[in-house]
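The letters A, B, C, D, E, F and G name the chains in turn, as written, and every chain counts its residues from 1.
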Amino acid sequence: MYVSVRLAEEKCNGCRMCVFTCPDPNVFNFYKDKKKISVNASRCKGCGLCVVACPKEALSVSAG
Amino acid sequence: MTAFQYQVLAGPEGYLPPAAAMMGVELPDKGEALIEGQVVSDEEALHKIAEKLLGAENPFFFPGPLLLWAWRDGVEEKARAIKDLAETAGAKIIPMPDYRPKYPMINPDVEINPNHPNLTIWHNNIDACVFVGVHCHYANMALKIIRGGTDCYTIALCAEAGHEDAMISLRDAGLEKIKRLTTIVGDKKRQLAGREAICSR
Amino acid sequence: MKPGLFKISPGFEEVMPAEYRELVEHGPYGAGMGVADLGAFKELLEEHPLCAGCGLALSLRLFLASLPAPQDTVIVGSTGCSSLAFPQVALQNIHSLFGNQNALASGLKRALSLRFPDKVKDVVVIAGDGATADIGLDMVMHSWFRQENITTVMLDNEAYANTGGQESGMSPQGTVLYMAPKGKKFPKIPLPEIAREAGCAYVGACSPAQGKRLERMLRRAILVAREIGPTYVQIFAPCPTNYKFKPNETLTRLKLLEKEGVFQPKEYITREAQDLLNKLEGGGKP
Amino acid sequence: MSTRIITPVAEFADLLPQDYRELVANGPFFARRGLKDLGTFKEIIEEHPHCAGCGVALGVRLVAASLPAPADTIIIGTPGCSFFGLAQTAVNYSNTAFGNQNAVASGLKRMLSLRYPDRHKDVVVLVGDGGIADIGLDMTLHSWFRREKIVTIMVDNEVYGNTGGQESGMTKEGQVLNMAPGGKKFPKIPVFEIAKVSGCAYAAKVTVASPRMIEKAVNRAVLVARQVGPTYLQIYTPCPTNLKFSPDQTVRVAAEAEKGYYAVEEFITDEAARCLQQLTTES
Amino acid sequence: MVVEQKAVSVDELLFASPRKQVFITGSEAVAEAVKRANVEMAIAYPITPQSESMHLVGDLFAKGYLRDYYRGENEFAVMAAVHGASLGGGRVFTATSGPGTLRAMEMFPVWAGSRQPIVCAFMCRGVSLPPSIQPENIEMGMLLDTGMIMLHAENAQDFFDMILKGYAVAEQPEVHLPLGVFVDGFFVTHTRDLVMLPPEDLKLAPYDPTCSPVPAFDMETPPIRIVRDPLLNKSNFISYAANASWHQEVLAAAERARKHLNRYLGGLLEVEYPDASLFIIASGTAVSQGREALKALRAEGFEVGLIKIKSIRPFPTAELIAATEKAELLVVPEFNAGGWLAREIKAAIDNNSRVCASPRVFGGMTMPVELIVSEVKKAMLAKGLLKSV
Amino acid sequence: MQQVVSPEHLLFEARREQMFITGSEAVREAIKRANVDMAISYPITPQSESMHLVGDIYKEGYLREYFRGENEFAVMSAIAGAAMGGVRVFTATGGPGTLRAFEMFSTWAGARLPIVCAFMTRGVNSPLSIQPDTIEMAFMLDTGMIILHAENSQDLHDMLLKAYCVAEKTDVHIPVGVFADGFFVTHTREKVEVPPADLKLPPYNPYSAPVPAMDMENVPFRQMRDPFVMKSNYISYAAHASWQQEILAAAERSRKYLAKYLGGLVDVEYADAEVLVVASGTAVSVSREAIKLCAREGLRAGLVKVKSLRPFPAEEIKLVTRGAKAVIVPEFNRVGWLCREIKAVVEDNTKVVGGPRVFGGMTMPAGLIISEIRRCFA
Amino acid sequence: MSEKKINIRMSGLGGQGVVTAAHILGAAATRDGLISTVNPFFGAEKRLAPAESYVRISDRPIYERGEILNPNIIMIFHPHVITMGKCYTMPFFDGLQQAGILLVNAEQSLSLGGKDLVKLAALQARIYYLPATQVALESGGTELATNMAMLGGLLGITELVSREALRESLAERFGGGKFVASGTTAALDDVLKSKFAQFDQLLEKNMEVVESGRRSVWEFRIPGAVSA
């Protein structure tokens, strides 16, 4: 019912562009071991900045 | 002296009750305390606190930042004493780690906020509470709001001059006084237990 | 002002005080007088209470003599020594509050432009260093940012003189004055440079030691302000009373400071303003 | 600060709310964290009510993550959008009246220097364009004239965002906004240029499209301010809500601006350069 | 050079130690107070008639009595910077006057709301327009509701004592509010008078920021996650109630000051000839003028008394009601056009037709004793207490 | 195209049209008809919206000049400059903005400028609040300005237009502040009746002012606005004092015009009731509600709506409260400044009940006033 | 004759259109010859922060101002208002009058706490649900029409205003050019308008959403409640 960012984990290469473009803290967490990010959807406002920034098209904004 | 003595009783006191200080309640001098707006001896207040804590169904302690963080000498000792007191009184503890108006919401299960302390009181059905280690300004705000909107009985263990809006207020509540309170609570608890034991026999 | 407005109503010529009769007969309104004519016309400034040897008072005299159109000039001042002379100036002038002179002038200039769309009304701000660079700095600079068509003149006596000689932002570094008992900790505020960056079309820095130069800069500033945008002139005139030198040294001191490079005359002119000035001054007139 | 102030008393440690436990366990206070570590540590900025895609929020977050010593940093702000990201910040943060931030910071910095003569207490002003360039301009400039050792950071969203989108002095010429119904009549205030001639020892102009540049500039600004004098950072943080672009374009709009009027620029006095050189050598 | 000073309690400094008589101006009395107040930092901005006192405070800085001092860019900025310094956890001092007070107006409720124990001296003068540097205390009428504690000094002695006592009251943890000490400019600041001073090798004990009801801003006091002073984030009933409760706490803090004011000032007001049926009620310089009038009237055989109001905020309502219970006539001379003190008194006591809200002088005018005497007689005449003047 | 008509026609005779608008929009409608030359704005909640709307009508051609200033003190200064230049001006602010510009208000009055300024009141710091609170009015009482307090959008609209009519009278010619409670009025949408949009007030005539316009087109030329009275002596102090008295006198002279345009400085309903509620601004509306509900219980309380705070209707209030048993003063601020004013004029002021008071943005439920009324009848 | 007065409190998140919905409802009531006042309350917060607006509708003059503390109808525009405490009051139905109505935008019934249900039952409250965001997306093609769906839902429960008046108010709000929205609302208006080529189309779509909302609202029976 509300929009938030969704991650296609297999596409993520851990570049963290999303982390640097998100205006909100702690929406993305980065796991060094996996070299992947994770998303805390409840904190996302759905602006889509990360979607634009992601070079791997691993992120999208949609209603859950 | 005013003929009319304002009483600081548990609420709910209404939409926007005045601060007790505005109604003529004065903070006591050293060695004294306040019970429901009346100046009493420290000792009397300690006993009354013990009585209220033990008589409550769901008493809570709200330690504030001055007690939660080991920022200077003496805090750890005092914290241990408070924890001991709370345990002796059978009270639970919810911390007030800071004073910010928290966004977007607080979790009333685990924290209390001076800007809307009533939420934590309502949520946990707290009928008696103890403020300790909270900067006086924020403690006063919180005590007033609690009195305005809840029926919780409030007790303040203040390291400075005390709080008129608490139903019981101690001043200069240092380590010794806290330990003395714990002793009184412990004694009283044993007495009560003894009395119950007698009754149930 | 309307031509012919400045005359005494018939029947009252005789009873008017002398200073007014002189103003009517030999005043500078619409007469094209300048600094070179000083002594030959009735000045706009009357007797005033400023100290002996005050460079600021001299600057004010020169300033008034340099106005290109005194008959259509309204000046806006501020609290400070200069305001003590203002009631004696034969121009409509406003003292509002300390530091708000450029905001007030912005409103005034726009109101006069509304009421007299076909006329030039020069609005000139003339205030001290404290009013311009300290307490009123934001309003000074915002009138520049907004490109108000007004001229701002600072009478820089390097101190709050009227309140008894306190350090101001324009005092030189190291000076011991009231409120800087251990010496001023930071250099003079570089207001000409700030003015240049902040949108002034013309910036001049001068001193009353050279009256002609002051006149040229002030006229340029006012003419540019009419056509292009905000302009700024900083007149350097340290205070004999508070800097504790003899009143008769005011000018020699200025000349010496200039020679030593402590005081540097400056002119920053935008290309647009320069084009305009070339056009206006084409005839070789200073 | 000493490690003690963020060390919970053992008795109550397990009672702390989650965000505090994270701060204690994984915050940036005593482990040197930088922008490069974002996503792996608990940030000092908390959840905030800024609009989706807010440039100011992004700018504030990047600055907060770049602070070299958050444990001894006090941020001074002012009413406005910038306030919202900071009200939850895990450092001391104050805002008092609109525009007076640099005056408050001046008094605070001096008092902290008196009370802690052997320590660095970084006083950072983090405020929007209206607060710095319009209503607080005189206090901004005078803190520079006086050479106060504070860092002034402008998050420039080119508008009064919080009061509903009015033109500010930093708005681009021609832009139509509230209170500029016919378009803004004058160019952006050249605060950066004014900073250069007003006593700043270091100044930089960056945008949210260059996070690493922000980190570098924040570090330099803080270090220079400790030893030399005032420093200034101007960060372009475009506002999707009032400038009406899609919120996913904030960084792109900033990147575009970098190609033009918001080209990244650094200014540094010789003294500040020497200071930085020395610090690099020392470390 | 700086005198080695011993830090002592306010009681020892002000009440226990021997005093020496000096002949100084009000401005000098300010410097003498600040010298003994253990002030860490002061910030100044010139305005007549305040400047001189802050020059002298600057001299104290140069000698080493204060640790920092500078001239700010305008009064609003100075009051903001003093606020910042106070946030930093140290004792501060500043002063201003008339238009300066108005220029900085927004900061006073900020000080109070954020519980800063700043002591500020106000050397009252006329406010624009037209501009006047002369004594007049209309600015006090405008500051009544800022939340500050307001004391009105009668003379240089009061001024000296009230500044030192001011710190003692303002810094009480349960009070912790800004405190303004007001005097009428020139009449006090520039008038040379006998003042009794305690030894200069004593000073107040330092301010202890850890006893403050709000945390100092130094990243050394928990909580570190704190915003001073917040826009309560949610726009809802709860936030409004929290905001309102905060304001009530500020009012309550001023109430708590009563006890300490009573102790240090010896009461919020002072009564001479409490049995009189007619009182002159005044504050500030008007008290001194009233004392002279009292002498003159009593010499003529009129049973007149005098009430000096020392604390304007908190206002001594109960004390005033008690002191005037049997009075038939109350004459309130004031140095301002608004008549704020008469309004306060009329609102505080019942049967307020007893209040004669005059004489009022302003614009720098002196209040001649004869004027008060004649106003008193006129009022008595109107009340039928006197047959003819 | 607007036609100039007399104030009487515009205000009282012209047929009014109903609009469902906010208080901010009511400001726009008033300024549209006020023949204002120039307005200057600065953003502050809850005032901003009204000045946006004034900007819009500037763009449409109803005003001739409009810009955003750099801060409130500067805006109030620039407005003073414009007024001295001889044009009709308008501006607005609220709360902290009022305090930031504070020094200017007594300056306006002292300079005899007929500026009309709307104040959308809100809380002042600290702590920060953008919500309704009328405390700023307490600070303003002795500035020399005329102070009107609007109950609702209709009042706000009418009072602004009437303010120009009063302020510009030669024998008055001092500033008028029209105060309205932020949000409660500015952001509340309700029915407002406005005169036709093609009518406007006559223009301001700067040459009938009691002080010369600063345009170098009228005499005297040697004219300083407004000087330090130069000599430090009894004569100049007396001159200064007389100047101040003239400002107070100007406010006194406004009484008859206020009475004419506002229909009195107070409105009274059920003057003979035992219990009177005295209020201004939004508190009047809440009191009406309370009185209505009390009447259903058979408790008949009266209402005194104070429209003008300066000049203060001291005699009117003294008279109307003389017979009452109790006087209740509900307020939206913590200090109770209106109560203080009332207590200072009601002779037996022990019957004055100060309260209820709410603040910090809180709404005042009618119930709070009702309980006071009940208590007074008990 | 007693006064017929309805107090409606709309709680939602910034950007959801609670202010606009209140405006349209109040304007429609006015067109129907009733008296109405409408006021929004919002802080200095931004989008998705709590926002609330109030509509009072009566057949007599309305004097009271400010928040509605005792509503007859509460409209919850977003479940976060309940689940995340993003509301003006605690609990979210605080102050609800006897036999009041709750209308919640949610796809299925929310798990209200047992105590809440007991209190609501004691109040004889009626709870309605409506998947307003879904309805807006399906019928209007944009979630920005959530507020229209909520208005539809309200009319599905009680005929407060006429359909004609509502339509006229909508036309005035979005088409007349007379209305000036503030700040963020204006920005959202632009987005909304940009979605529809023509004004007529926007109006029709909005009315469709209203109708669809009217049809989609359903009542949740409180277990154990005595029917009102």
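Quick note on the criterion: contacts are C-beta pairs under 8 Å (C-beta built on N, C-alpha and C of every residue); 3 or more make two chains touch, one makes a residue touch a chain.
For clarity, every value in this text was computed on a predicted model and none was experimentally measured.
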Using direct touches as single steps, what is the fewest number of steps from chain C over to chain F? 1
Measuring between Cα centroids, what's the chain most distant from chain G? C
Farthest from chain F in C-alpha centre terms, which chain would that be? A
Need the CA-centroid distance for the pair chain B / chain C, whole Å please. 67
Where the centres are mean C-alpha positions, what is the separation of chain A from chain G, in Å? 33
Hey, how far is the Cα centre of chain A from the one of chain E, in Å? 59
Chain centre separation in whole Å, for chain E relative to chain B (CA means): 36
Could you check chain G for residues that touch two or more other chains and list them? 41, 43-45, 47-50, 67, 69, 90, 182
Among all residues of chain B, which ones touch two or more of the remaining chains? 16, 68-69, 71-72, 97, 100-104, 116, 118-119
Can you tell me which residues of chain E touch two or more of the remaining chains? 70, 73-74, 76, 99, 103, 106, 110, 114, 128-129, 131, 215, 220-222, 224-235, 237-239, 241-242, 244-246, 248, 251
Chain E to chain B touching residues, read off their complex: 115, 172-174, 176, 210-215, 220-227, 230-234, 238-239, 241-242, 244-246, 248-249, 251-253, 255-256, 259, 318
Considering only the defined contacts, which chain E positions touch chain F in the complex? 76, 99, 102-103, 105-106, 109-110, 112-114, 126-134, 138, 141-142, 144-146, 228-232, 235, 237, 239-248, 251, 336-338, 340, 342-344, 346-353, 361-366
Across the complex, what residues on chain E touch chain D? 40-41, 43, 67-68, 70, 72-74, 76-78, 80-90, 92, 106-107, 110, 114, 215, 217-222, 224-231, 233
Listed in rising order, chain C residues that touch chain E in their complex are 79, 95-99, 130, 134-135, 137, 160, 162-164, 166-167, 169, 178-182, 185
Any idea which chain D residues touch chain A in the complex? 35, 38-40, 42-43, 45-48, 50-58, 61-62, 208, 211, 240, 246-252
